[in-house]
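This report concerns only the one structure given below.
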Amino acid sequence: MSAVIHAEISLFEQYSQVRQQSESIAAPLKPEDTVPQSMPDASPIKWHLAHTTWFYETFILRAQANYTEFHPDFQYLFNSYYNGVGEQYTRANRGLVTRPDLQQVMQYRQHVDMAMQKLLESSQDEGIQTLLVLGMNHEQQHQELMLTDLKHLLSHNPLHPSYVAEKPYATNRMLVEKRWLPIEGGLLDIGNNGDTEFIFDNEGPLHKHYLSDFEIASHCVSNAEYLEFIRAGGYQNPTYWLSDGWAFISENHITAPMYWQMNETGEWCYYTLNGLQKLDLQAPVTHISYYEADAFATFKAARLPTEQEWEVACRQMHMQSKVIGTNFAESGQYKPVDTNSPNNFLGNVWQWTQSSYSAYPGFKAWEGTVGEYNGKFMSGQMVLRGGSCATSASHIRSSYRNFFPPSARWQFSGIRLVK
Amino acid sequence: MSAVIHAEISLFEQYSQVRQQSESIAAPLKPEDTVPQSMPDASPIKWHLAHTTWFYETFILRAQANYTEFHPDFQYLFNSYYNGVGEQYTRANRGLVTRPDLQQVMQYRQHVDMAMQKLLESSQDEGIQTLLVLGMNHEQQHQELMLTDLKHLLSHNPLHPSYVAEKPYATNRMLVEKRWLPIEGGLLDIGNNGDTEFIFDNEGPLHKHYLSDFEIASHCVSNAEYLEFIRAGGYQNPTYWLSDGWAFISENHITAPMYWQMNETGEWCYYTLNGLQKLDLQAPVTHISYYEADAFATFKAARLPTEQEWEVACRQMHMQSKVIGTNFAESGQYKPVDTNSPNNFLGNVWQWTQSSYSAYPGFKAWEGTVGEYNGKFMSGQMVLRGGSCATSASHIRSSYRNFFPPSARWQFSGIRLVK
Amino acid sequence: MSAVIHAEISLFEQYSQVRQQSESIAAPLKPEDTVPQSMPDASPIKWHLAHTTWFYETFILRAQANYTEFHPDFQYLFNSYYNGVGEQYTRANRGLVTRPDLQQVMQYRQHVDMAMQKLLESSQDEGIQTLLVLGMNHEQQHQELMLTDLKHLLSHNPLHPSYVAEKPYATNRMLVEKRWLPIEGGLLDIGNNGDTEFIFDNEGPLHKHYLSDFEIASHCVSNAEYLEFIRAGGYQNPTYWLSDGWAFISENHITAPMYWQMNETGEWCYYTLNGLQKLDLQAPVTHISYYEADAFATFKAARLPTEQEWEVACRQMHMQSKVIGTNFAESGQYKPVDTNSPNNFLGNVWQWTQSSYSAYPGFKAWEGTVGEYNGKFMSGQMVLRGGSCATSASHIRSSYRNFFPPSARWQFSGIRLVK
Amino acid sequence: MSAVIHAEISLFEQYSQVRQQSESIAAPLKPEDTVPQSMPDASPIKWHLAHTTWFYETFILRAQANYTEFHPDFQYLFNSYYNGVGEQYTRANRGLVTRPDLQQVMQYRQHVDMAMQKLLESSQDEGIQTLLVLGMNHEQQHQELMLTDLKHLLSHNPLHPSYVAEKPYATNRMLVEKRWLPIEGGLLDIGNNGDTEFIFDNEGPLHKHYLSDFEIASHCVSNAEYLEFIRAGGYQNPTYWLSDGWAFISENHITAPMYWQMNETGEWCYYTLNGLQKLDLQAPVTHISYYEADAFATFKAARLPTEQEWEVACRQMHMQSKVIGTNFAESGQYKPVDTNSPNNFLGNVWQWTQSSYSAYPGFKAWEGTVGEYNGKFMSGQMVLRGGSCATSASHIRSSYRNFFPPSARWQFSGIRLVK
């Protein structure tokens, strides 16, 4: 990876903005909200705030001669999964660690921020800058998880609490008709060498990949379209489903996307970070598993794109490698917005691809312990592309590879069809 | 049950003292500490504070014409297990309910306290007084659980936090030798008709029970004695164990009482509410399952008492039906103290009996929904007697029947032998 | 225990009859039927045939100087749970051991029978005779399990196979009205010293127990009566159930006794060892858990007897200590027969008592490894009394204590009420 | 698919040979061996014999006007997973179905064989012939599973039974040194259009795929090489492992390939279908999961091939599309033989690839219910290539795609490295 520095503002200022953003996400919360862990895959807000701090401390500050650690046990306590750093506190028990409390975690953040400031003022070391940029991207990834983990937690509360009050839509909504966009295949470049910006190791190296021509939908699947699938008995008919998918929905009694519920008058509602709301039919369907995305595609006699198809289509549609879609900060909506922006591949919901998450040809993990970042997760997961309403804008690019197990539903995941 | 009123202070004053005691237990805690649930059998502190309040609201205030409920969803949210009141929020998820936050729960308490005050000032209704006394005893039972649940939660924290700082022992410690106390059997009265004080329905009715003569230990088993069992390979030898007990310790890899751990220099320590400490060899062993108590007795070629034997011995030794032992408030120690008070049956550790928890002959559960209090738990549990260092003083009496599954270890449970 | 010998026939002849009875039970089966294990609590027929043989080999023959074992690995392979003998093959995997095949197991039986014959011809050792009588009683207990385990296995087969074809009822059936039999209490003798016959260690010692007067039902509860409970919504109403029982039926989706199913025309049928049949309304309900028995009693505003009440009532009703009820061999019916024999406490269905299985006062387990027979199971189980249609006649006596966990349903267990 | 008929012998003769082969595999077994199911993923031999018969009956014979089914319940009982045919008997309970017994299953086979003979004598219907060839290939796949499922079952027996006695090696063994074979990449054809032989739907369509140059090992990894990994602490060092893999071996306490065990003198042995044997160091390692294959590759600073790399290398090395390796019938060894045949890609052990099992571009599942054969399993599984010692010779070809979850170990799976 390379440490790409925005010329206009200093690296420390960029760092400070990222740090501030995490704290802004936590700001509307009570200390109580930051403690529990609603499932092993999710983490407490308090843990996210500490772990993102631990990352700089562990990979940058501990290597400095004069750094004094904040607490001797935090190296162990806030390690997520880096075996190279040492053993880790049991992941599934993160919600049982009430101390340090939120205030002490904020002091830990301040302690590390001050040490980082001092270090950056005195050092021009490129290795440090590279790790710093990685740490910032790491923290931005956790910012998305803070929102999705929080939503998962709060959804268990029968009072349906709002994270923040809703703002009205800024624009008039206008339904644009879905079209099939023809994409030309051939022997094409896939991936990203990261010459001009930060990329994760799993986005490279740039390599050739052969694709046939295909057609891809101009819009993601809407809640209205998904409702047709439900009403047609899609969740009751095994012929639409992968074998694992049918087992998954049967064992878990799943009959609708996560967070959907029917109210007493038979209307579909869904829990959002703005509280329980009536289903927005124009908005893209989200919080579905890969299995549901695949079953929907089969129901529609279509299929999901491969990640290479998606990437090529995204590049062709946007004519550029980086386009920022809508997100929480922009829309004021803590949910994906409607699907009326034509050809928008980026930034509303993550889109499941039919590609398993694996190494690109010639893939090399980063050197050292940070090499555990991506490579060791290359089994059992599917690639999602595009970025969601909760994704940091600087992570929204055509080559970005998100990955989750096919059963994961708590991310803002949706569907774009191919045929 | 009867509403027994201490003549010297008003019922509302008694109520206020009980309420205050719950809040004192929570006082040293941060809001963060009051949220998580460390296992399905334990509950969050915040939940205990709300549920004990819910009890008065549900069984007393909701029956009053002019009472305004604090929140329409709390009847559901803070119901523990009363099917007669309605459905209950999933017990295992109590730790995921971050809202109401602690402050709102304290407002809920205040709301109910004010309504109770108003009601008691205007009403002399005996039914209300009876339910009030039950509610107070109920809250006192939860005060013990607050301490044991909190200990269980904090024990998961690798920082070994202290609930409160330790005070020094008030007295010199002096080991008194253990003796076997001979107890005369015969056709004896067991149980309590509750003529002079509040009793739970499961303590009655008074009934005849035939006992042979027996001998009972003057002291509970100490940590030093239990250590002998460990060092003699007690946890590795199936011949000491009940079949279920051997399966239990094998599946759970149990080789010592709960909260015990060996430090790097090979010394036994244990986690206490005052933090991690060296094992106090003179103190009674505690945090053991019924299976461990039974195995220890077999190792010693002795046995555990039946609950009737225990009750008769306790009455004979104390020559009175109510003796208060040591407890947290008295000792300043948040753990059982040493075993040098001879013949002390009450108030240091709960003592496992070999009796399954079942109905006394002629048992009648209370009328109405409060009848779910005790009777429906009469399967799969063992009786413990005596009260612990965490038990409210007014619950420490010879007829009191505590009960837990044989695998339970998070209460202050210990061993008294019989032969 | 004492080795009580029927004067009229030799001990070896008695032994041969017991051995023959096990083989008769297996005779109608194919080798295939003798292999699988339908749940960890049940065992394969082939295993029962081998393990009952192992018992004599292990506790009698291995102590003889000139005995040659049949196979060096069988001591390990067919040990059920005797830690004193050594480690055991994983219980839950017994159904995976296809070899020795059935024929080899029969050869093993023959090998041991011949050695036993030789030994008994040459020895009058009383210790051997005592262990032999124990082994015979042990084998008879397994004969009942062979039938109940086989029924459990075959019930998984959607073809509803018959173990044997049904014979018609020998007698006219005549419904006799149920009455409440008044039983006088007092300070009574419970248990059995075994002066005149074989008893298990858990039946003694004879001891005093105080009982109040009570009334007990003259008949066990019939299928017709139990159907009323079902039709009244008994399985949907938590107020009838113990807390553990409600959890048990909810988690396991239980809405009727084991083996019951409704056919396409809405009639209740049940699987029997004679195949699938229409429910016999006059026959006693069976294959119910303790939880169901207790809930039914609560529904009827009655209760289950304690084991002492049951024993006293049985003795008073029969005026003798041993009365043989109906069983498979007599009735030609592989299910409990109707309830029209008044006051019949013995031999149709086992009757759940409200007593946990625990040691009688002064209980001493047998010396040596056979002491693991009963004592180590004295936790987590409930006592059943009376013997069932599948019980060996010589095990049907008033002092006999059967025991199973409260969730067990695959035995022929039923209900007798008390008030 | 196309029904390709070997000109020299009739289709019915080919069918008869396939049918006979299944029965030959079962011939050395006792009825007892054919009943149990050692894990949900494996099936009883008796079930395999019935299910392969069911396939012809269901997809061919039931469509014939004059066919009389053997038993009305078998359509349900022996359906594996075809939702289009109807509901299925619970997979995990297949080992509990003792009836039909083995003899009746053989009669069922005969019944279907006779009906097939009659049908083929009278019909030249190409649709029937196509389904017949599919049924034969289906049965051959089950023949491999019969051997691997049987091995898994028998391995649970502490007597280590032999399926058949071992024959001596036919040839002298000579270790040939491993080389790296350079393979030229480019835009290459992958897959098989099946113009000249039967192929499964998942092998097609033929499509272009771009590959870089690579080097592939001339031999599969031997037991000797794998032992180095074990001795170097490979199972104790998380840095070699995928995150899922580390969790898998930790939770299952895996420290060596399946079936390996150390004897009392510290030598490695393994259970084979010829009984327990000393480890053959020259033979290829087998019975490893994908996770172990991947960890070994990481340990060797190499990687696993993609399935496309493997296919291209196999074609280049053999200069032909179909080469038969060693197998049980040829070698007389019921295990993979040594690795001294240079460049042998086919027929000894299945070789894990790093490719997830997914649809080729343009994949179309077969029409109708047989379309459930392959497509619905395209999630959560990895592709294996090459065929094993237990694979039917006619299934050993460069385009054949086997697939199993990454945790599967009971197949004859091994490792070929790439760099």
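Think of it as A, B, C and D in the order they're written, each chain with its own count starting at 1.
Methods note: a contact is a pair of C-beta atoms (placed from the backbone, for glycine too) under 8 Å apart; a residue touches a chain by one contact, two chains touch by 3 or more.
Just so we're clear, the structure is a prediction, and the values are computed from it rather than from any experiment.
Chemist: Identify the chains adjacent to both chain C and chain D in the sense defined at the top.
Modeler: In this structure, no chain contacts chain D and also chain C.
Chemist: How many steps does it take, at the fewest, to get from chain B to chain D if each step moves to a chain that touches the one before?
Modeler: The distance in steps between these two chains is 2.
Chemist: Would you mind pulling out the distance in Å between where the CA atoms of chain B average out and where those of chain C do?
Modeler: Whole-Å distance between the two chain centres: 38.
Chemist: In angstrom, rounded to a whole number, how far apart do the mean CA points of chain A and chain B lie?
Modeler: 46
Chemist: Quick one: report the Å distance separating chain A from chain C, using the average Cα coordinate of each chain.
Modeler: 59
Chemist: Residues of chain B that touch two or more other chains: which are they?
Modeler: Answer for chain B, listing residues that touch two or more other chains: there are none.
Chemist: What chain pairs are in touch here?
Modeler: Result for touching pairs of chains: A-B, A-D, B-C, C-D.
Chemist: Which chain B residues qualify as touching chain C in the complex?
Modeler: Answer in residue numbers: 81, 83-84, 187, 207-212, 238-239, 241-246, 290-291, 294, 303, 354-356, 358-359, 361-362, 376-380, 406.
Chemist: With touch defined as at the start, can you tell me which chain D residues reach chain C in the complex?
Modeler: Contacts found on chain D: 30-36, 38, 46, 73, 76-77, 89, 93, 95-102, 153-154, 156-159, 161.
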